[in-house]
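Attaching a single structure in structure tokens format; questions to follow.
Residue numbering begins at 1 within each chain, and the chains themselves are lettered A, B and C in the order written.
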Amino acid sequence: MPLLEINDVSVSFGDTEVLSGITLELESKQLLAVLGASGAGKSTLMRLIAGFDSVGAGSIVLDGETLSDTSKTVAPEKRSIGIVPQDSALFPHLNVGQNIGFGLSALSKEAKAERVRELLRLIRMEEFASRMPQELSGGQVQRVALARALAPKPKLVLLDEPFSALDAELRGQLREEVRQVLRAEGATAVLVTHDQEEALSLADRVAVLREGKIIQVGSPSEIYNSPADVGIATFLGESVLVDGKVSGGKILTDLGSLSALNNVAEGATGVVAIRSENFYLQPNPTGDSEVVGRVFFGHDALVEVQTPKLRIRARSNGPFAPEVGMRVTVWVRGAVNFYPSS
Amino acid sequence: MKRPPIAAVALGLLAALASLIPIGYLLLRLFEGFEAALAELARARTLELLLNTIGLTVSVSLTALAIGAVQAWLTVRTNLPLAPVFAVLATLPLAIPSYVLALGYLSVFPSFSGFWAAWFTLSLATSPYVFLALSAALISSNFAAEEVARSLGKNRWQVIQSVTWPQVRPAAFASVLLVALYTLSEFGAIAILRFDTFTRAIYNAYRGSFDRTSAAALALVLVALTLVVIYFERRYRGDRWQAPTAAGRKRRIDLGRARILAAFGLGIIGLFGAGVPLVSLIGWSVNQTGFDLLRLGELVASSLAVAIAAGVVIGIFALAISVWNLRYSSRLSGAVDLTAWAAHALPAVVVALALVYFGANLVPGIYQSIWLLLLGYLILFLPNALGLVGTPIALVPRSIEEVARSQGLSKNAALTKVVLPIALPGILAGVALASLTVLKELPATLLLRPNELDTLATELWQATEVLAYSQAAPYALALIIIAGVPALALNAQARKLISEVS
Amino acid sequence: MKLRGALALTLLPILLLSGCSAEDNALLVYSGRSEALLGPLVEKFEQESGLDVEVRYAGSAELAAQLLEEGENSPADVFLAQDAGALGAAAKAGLLTGIPDEIYSLVPSGYSAADQSWVGVSGRARVLVYDPGKVSELPVSIFDLEDASWQGRIGIAPTNASFQAFVTAMRILHGDARTLAWLEAMKVNAVIYEKNGAILEAVEAGQLDAGLINHYYWYARAKDVGQAQMNSRLAQFQAADAGNLVNVAGVGILNSTDAAEQFVSFLLSETGQQYFAQETREYPLVEGISPADELTPLADIPTPAIDLSDLDTLAETLELIRQAGLI
């Protein structure tokens, strides 16, 4: 039985419906990432789960107990749901140890101290117990915020874009740490983010939220390789959209005849999304395409190629990346997703 | 600690010396008649006055804190209907001189007098100080932290205690300090409401028996009380926490059905704090005949000129002391800050007479000139501005200044180009508050002004001396309208931020 | 820089105002009487004499306190005060240079300082104002007010200089012990007000049955609203009672210049005296000039037999008033 069930939840603020028909499930000890652009309704969903707003329709059930439905909303302090907000929001008048121990008032003094120590070890900040939040760096602040949320062993932890305030390098490091900490604690978590890399790398399951509706739910590779529509496809990674028509079970495009990943109706017209890493550039002096640009990253390169009909960007292995001006033949590896136009 | 800018030190020392003038004067009078002074203090009446004064001060402080806190919390944090309107209403009593408030109530309830009347009037008159301070503190406090606290198992009341209060505590203490010292020094309303405090006794000593020695003895007790109050405020105020700018939108707490009740409650407070006096004044004005518009225009111009000039002067000194004490603090700067406060509970008449003595005998060149008047205002109202100017300066991180220095700016340039613009809202608030208080001020203005200078306040006084209320009313209304401008400016900042929080 | 410009602009008012410092006028008068009252009279004087007069308006007591602080260095030439106490204080501090004989003799001797330090300008009589609907039996003597039947019905203004002058008169006539007893009875019986005007208002409004005030308050109000509209009435006490004290507003010279003496003469001239009679309904003191029609002539008031200059012993009076707990 899933730990968290969100059943057909909708909510409106004023006249605008912010979320409609949200249905999600989360098993214990898993991390669900809710991925969406700003304004998609991610924060609203978080607040509903945490209990700061009430649902307009539907219900939210945690560990068998209905927390929110149209007749009642259990108060946040009674839900056993921890939150790590976007700006960490550490209590500025308490030190690190006191911040972490804030929710542990039910424990005895010794038990509380022990638990705080345990968490400090987990986030590798044992020496920082008496430091004040103003003295910490961005990454340290987020770790403390996570430890604070986990301290009372909540049933669920909500992370609201926890890495958005940090720079790219720090983000990568911290992500890994956070994942480890969550695993070590056996925590069930919902992470809300607009960063697809974050969602794909951290989560066990990903739900894509757009304009208040869940478009697709699945494992990261499902979402990545079989995006439910063009919007998700382009959102999740560098893609090229090419027109195509289904004929004889294959899709005819300006880049050749391609195999379809999904079921396609004979004769349908639509669009095919090809990831940049799905291209193979074969050096060919008589090839019909020419390399017109290249950004070299060292380990790989993003190569811009002009084919007879299209301009595409392809990812290419570093040492073998074609130079500008080379003529190549463009191949598409593997099957692609076809999205019929309706 | 690096060395502070010369200008800050010079101005700070100047202000401290100025504040010492009244204290020096009092000590002079005290030693002239030391035994008489002791006899005065030993009277049973003095004990009665002390109890009255302390009782009034404590009760008004607590009440103003309660009123201001409730108003601030409701307008900033909840979905109170018409929150900006209530915020304005909460600030409005600031524009009304306390003696006008008292007269307003008296005209409606003629038997309004004694302790409860004084408590009621002064609590309403001073609650705006607390409201302004707390609403600013609440706006800049970390709201997300409150939600986190709830997720960690604390109910609403526990959250206020353990998370909200520690963050707004410095603002609360600072504003209650102003309230307490104001109550200690207040005379106009207390006299009209016939309640006996130290200040009333001091006035009677000066005007009745011209007994300056006993007046000085009583006044020095007030100075002692000031120092006690300041000691407690500094000790228990807590440190100012630099709240990081919270990302994301802030939410308002839903009051549900209690919305109407809350609005009703605030409405009642607003009715008494501003509604009743304004309605009385308008009523009197309507009875007026033969009103001289030109004269009113003259008075408005002179009142504004004096108030603005004083506000700017006070603002400059407040800035100097704040910069010195908060960024380059030393024992000396702390002493300067304390000295500026020491004279704050003295009744204006004491400060004025001290300056009369000082001006007439020591520096006749500035006697009865605008400069001496401005000096008087500086001594009286510098502390009002210090709090407002100090807070933003305290919160500007040192790292910003260091970055500016590292990019080649000199110490002074770093201050003026970097710190000042960030602290500007606070500085302007300090100037606004000082100007506002000067507009309403009466006893010192009467004693120190240049002979032919009349202001709305002095004109008002002339009329009320002979109880010509209908004559006084239009001037009182004009005064309130003009004072309303800086009062609303003080609040506009809060209001703007309130509308952003939704 | 923008900041500097703004700063300069706001300091401009200061510069403009600094033009308002004390100029070298012919005469500087400290007046405890209001501008509304004295202003027109000063203007008339300026027209007639061609002199420039600068006046500082404030309360008599505040001005006296100011003069005491200023001491020898006071810039004031003339001090016009509402009551004898303020003038007495200035005289005691040695600040008054004395009134020239020819001016001093214009006023009957009882109404000026015995040592010629100041001269009376206009008189005010102490009266009992009462509500005829509520007071059926008028007190005959001031001491009748000690009776328990007066509890809560009589108003006094103990911080008011005129009241204090009257209590001084009582001390002179009946001694300190008797006065203290009366004051203690007032502590029980009387309702305390800050000003005489407030007492009159209260009686008019029906909140207070009676009060001790100065006569001109009643007449000033009667002039405003019409005598027929007045609810209250005035009464005097029995002959030579302390409650019938006539006190004076007076003037002293601090800096004896021609201009100062001219001004004082002017106040005691026909013009000046008639002005007080008509404008405020006070009693002109110079012989031959009659008060406003509706007033009881000064000579007919059954005043107590005291020398006004003895009213200078204000400090002891205040001590008694404070002892009784009224201040």
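Of note:
We adopt the following convention: contacts are C-beta pairs under 8 Å (C-beta built on N, C-alpha and C of every residue); 3 or more make two chains touch, one makes a residue touch a chain.
Note that the structure is a prediction, hence the values are computed from the model and not measured.
Farthest from chain A in terms of Cα centroid separation is C. A simple rule picks the central chain: find each chain's mean C-alpha point, then take the one closest to the mean of all protein C-alpha atoms, which gives B. Averaging Cα coordinates per chain places chain A and chain B 53 Å apart. Note on chain placement: the centre of chain A and the centre of chain C lie 87 Å apart, centres being C-alpha means.
Work out the mean CA point of chain B and of chain C, and you get 35 Å between them.
Taken in their complex, chain B has these residues touching chain C: 45, 110-111, 191-192, 194, 201, 204, 206-212, 302, 304-306, 308-309, 311-313, 349, 353, 356-357, 360-361, 364, 366-371, 374, 416, 420, 443, 446-447, 450-454, 458, 462-463, 465-467.
Within the complex formed with chain B, the residues of chain C that make contact are 3, 7, 10-11, 13-14, 16-18, 20-22, 28, 34-36, 54-59, 61-62, 64-66, 68-71, 73-75, 85, 89, 159, 161, 164, 192-195, 197-198, 201-202, 205, 207, 220, 314-315, 318, 322, 325, 327. Interface residues of chain A facing chain B in the complex, by the touch rule stated above, are 43, 47, 50, 52, 75-79, 81-83, 85-87, 89-93, 102-103, 105-106, 134, 145, 148-149, 151-152, 154, 160, 165. Chain contact summary for the complex, chain B toward chain A: residues 142, 144-145, 147-155, 162-163, 166-167, 238-239, 241-248, 251.
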